[in-house]
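The structure under discussion is supplied below as structure tokens; questions concerning it will follow.
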Amino acid sequence: MTEMTGFFYPRTATGKSSLLPPPPWYYSGDLLTVEYRTDPANVARLLPAPLQPADEDPGAVALIWADWQSCGSGGDELLDPVRAQYSECFVVVRCTFSGVTYSRCLFIWVDTDFALARGLVQGYPKKLGSIHQTRPHPFGRAAPRIAPGGVFAGTLSAGGRRLAQAVVTLREEAPANGFVNAHPMAHHRWMPSVEKGAPDALSELISSGSAGFEAGQAWRGDAALELFESPTEELADLEVNEIIGGYFRQVGVTWDGGSVLSSGS
Amino acid sequence: MTEMTGFFYPRTATGKSSLLPPPPWYYSGDLLTVEYRTDPANVARLLPAPLQPADEDPGAVALIWADWQSCGSGGDELLDPVRAQYSECFVVVRCTFSGVTYSRCLFIWVDTDFALARGLVQGYPKKLGSIHQTRPHPFGRAAPRIAPGGVFAGTLSAGGRRLAQAVVTLREEAPANGFVNAHPMAHHRWMPSVEKGAPDALSELISSGSAGFEAGQAWRGDAALELFESPTEELADLEVNEIIGGYFRQVGVTWDGGSVLSSGS
Amino acid sequence: MTEMTGFFYPRTATGKSSLLPPPPWYYSGDLLTVEYRTDPANVARLLPAPLQPADEDPGAVALIWADWQSCGSGGDELLDPVRAQYSECFVVVRCTFSGVTYSRCLFIWVDTDFALARGLVQGYPKKLGSIHQTRPHPFGRAAPRIAPGGVFAGTLSAGGRRLAQAVVTLREEAPANGFVNAHPMAHHRWMPSVEKGAPDALSELISSGSAGFEAGQAWRGDAALELFESPTEELADLEVNEIIGGYFRQVGVTWDGGSVLSSGS
Amino acid sequence: MTEMTGFFYPRTATGKSSLLPPPPWYYSGDLLTVEYRTDPANVARLLPAPLQPADEDPGAVALIWADWQSCGSGGDELLDPVRAQYSECFVVVRCTFSGVTYSRCLFIWVDTDFALARGLVQGYPKKLGSIHQTRPHPFGRAAPRIAPGGVFAGTLSAGGRRLAQAVVTLREEAPANGFVNAHPMAHHRWMPSVEKGAPDALSELISSGSAGFEAGQAWRGDAALELFESPTEELADLEVNEIIGGYFRQVGVTWDGGSVLSSGS
């Protein structure tokens, strides 16, 4: 019988059909972030055991828009950019496990299948959505500059409903583009059993972070953020009590796998 | 800490955000099928151990378009049909395992996230695509009737490239809409480890079939089928040597889980 | 020089590239209608001179979802259904001109370019949107039957915002699927001048109706309708004061041109 | 009766619903251009009277990808970027009228309704398509830099078929990003009559150009270009005989109307 290859399905003798190349995965893109505080109980309610709320500022939340190009080590995707470009919007909080602070993505929306499948590997609970983010550009009146006064908006919709919208006005250079998404991620990878009533076929707590990172100057500014109800989402339950700040930064990231923290249900 | 619920991710205290409700899953839709023969070696090359080619007609292939509405047991999706409607196109062959004949989906494209996620549970290797299928309608000149002479077309594109197109002209009533997709499915469920170089975190051979099925009259007719090359697909390698037939049928299906045939790499 | 042909642009020597074939245009599809009353002033505000509000029931409004296949006289679109299928949602009121009662479409959303371009010819003020409508199907639990108790929903979104949603529960057979959209249409065709400050290059009041019509049994039932605000739309200003009824009907329609009622600004 | 306002349809008392704001329209974006020579007869065949082929290099063609943000004078679109961002791919040739050389767009695809509607005003024969263009980015391995060796790809699909793909490798700074699209545009604005057999309701030859322009350094490099057949397109008939060059440039453009060169059929 044939030996099947391919990092992700569909696996074939050649691996050519695989929805994903093996890591490392490379990303170049722009991050628009709004950090805010919600009632810490809202965060705690979304942290499954054995995760604990962060010791400091346990109600801190980051809602992040990212406008990406990505590729595997061959880089072929960049020559057929429908396979490289995607947008995402995701909400991150912090938590602790075994005395270590982690970042954790609670909800995330992307607009391509390859990004959704990478989420399965990385433990990001990805759905499809419609995500837009104002792009900076050096010329003309139809784009902000990356400079004081530059105005950047992010919007998120899914299923034909607006879920979130933010506006960030850059004010000054900053040491970083926020603190909530600054730790290694602690994510669950769950796959239900195909058998009714059986426990999950896969249930792991994993951790991963960047294998490489470079970035431009981070910017900080004023931010406005609105979250909207939807019958299939709980994003709006992370109510905005107090805006911490808005941020913009251009980054280049490498992801090259993670490690299993604990396994089994 | 909070008990998380929800059949699929994202899991929360309420389960409201889950991309999928728990099975049973209900489907109502139209199937357009073209069955043909390719070189049996083309099929064998895509069957991983321990699967063996079917004993009879091992080069038989079914390319199937399906225009679905689907829902969970609550049926809420039908009141917000963006959450219920999707199209798919998939290629099925037959194989044997432990002396039993199974159907097996080699490649499949859908156009929504919930359908893609269900594929992960059921072992269908789903990618996103753009799938269209002529709909029958009882009135006007812009639709075929389900009757002799009715002409139905199916098209499949992904990444902005046409991958397949078929035209079926109904000729007569038939006992079934093909034989290739008539067995329980034998699928692999694979999830790569998050750790580089480690074996798959999940590797199962599973089987599942319909928990319920009702259908209208099956129709048979003449069929034409073209497959096209793509740098990320191997569908066209299943070269069309001889058309067996084209079929159309309206069906209602229930899926309610399956069973694990073998587990571990 | 070359003689250009083609009903719509782009025009070429062959006409092959034209976004539209010449009429007649054929349509087969399902109509889901909710009729209701708004304050007649809301309707009058959207009727430009020389149109007058209808004499009877001047606040009657129909919001209609249509799930179409369409084609030109050659019917080639049905063999490549991405060129035939589209959905639309549109709002219709009645008005009078020269003593004759007309229907008039105030706002309309479609999801393909060919449908949008046909609107330019017919005077429908089409924008792109995301439109979904529950489909009837004879089998399975994931679709209503066209029968008492059948529940049909329609949703409309544009720019990632939900604009309207309706649910209709069929109760009984009815002589027609509403009365608001039952007259010839009176539409303006406007094209701004390319020169700043100049009057419209085209400004016509035209009328058109069906050149052919066949239909199944109309059904009537209970209806619920919600309209939502958007920064770029005025649909929600046609506030729902009183539901008249909900309707479902399958139809086949031919459109083959209209006539100019008055021309010039 | 109500006075209707709004630059484009739908026109209302407030103008809020108009698909387009009045000019000026502002654009910020990146242009990827491949210029090549086809048989001059291929160009002449697509120039309607009274246009004549260009005196010099009459077979020169530019295929241009543009990745835009755009807005009206209020700039609100930039705060809801789904209303500002779009991509386009268009083919331009040169022609003469009354002794003046013009550029002329023969075919163009965009991916939003507002861009399509602006085309109607400006005389661009726009259809919807799926257009992708590699984006430059200063960080990471998933994007080229705007520098020697930077590789940029453009792809165009419509109706689920690939129509064109290009790869440009930057080599050196250049005085301009091509010469074919460097003149004012000479476009026809045609609107068929609603009456069968009647002459066009609108038939104008118009001219327009940029009311404002700023740009970064233009780059020149090697280019590869492939055009593909489609049953509804004639782009591939503009066969590539000889590549002139590939170009990349970031620009800011203002469009503020044009003038009518000649009117009537």
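A few remarks follow.
For reference, chains read A, B, C and D in written order, and residue numbers begin at 1 within each chain.
We take it that contacts are C-beta pairs under 8 Å (C-beta built on N, C-alpha and C of every residue); 3 or more make two chains touch, one makes a residue touch a chain.
On a predicted model such as this, the values are computed, not experimentally measured, just so you know.
Although chain B and chain C carry the same sequence, what matters here is overlap: shared residue numbers make up over half of all numbers found at their interface.
Of the two chain pairs considered here, A-B and B-D, the higher C-beta contact count falls to A-B.
Taking each chain's centre as the average of its CA atoms, chain A and chain B sit 30 Å apart. Chain C has its Cα centroid 34 Å from the Cα centroid of chain B. Remark: chain B and chain D have CA centroids separated by 40 Å (rounded to whole angstrom). Residues of chain C in contact with at least two other chains: 80, 82, 130, 132, 155, 157, 160. Of all the residues in chain D, the ones that touch chain A in their complex are 26-30, 68-71, 75, 77-82, 84-85, 130, 132-135, 137-144, 151, 153, 155, 157, 165, 167, 214-216, 250-254. The residues of chain A lying in touch with chain C in their complex are 130, 132, 155-157, 160-162. Those residues of chain D lying in contact with chain C across their complex are 1-4, 7-14, 16-17, 19, 23, 44-52, 76, 80, 82-83, 106-107, 112-113, 116, 120-123, 125, 127-128, 159-160, 188-196, 201-202, 204, 206, 208, 231-234, 256-260.
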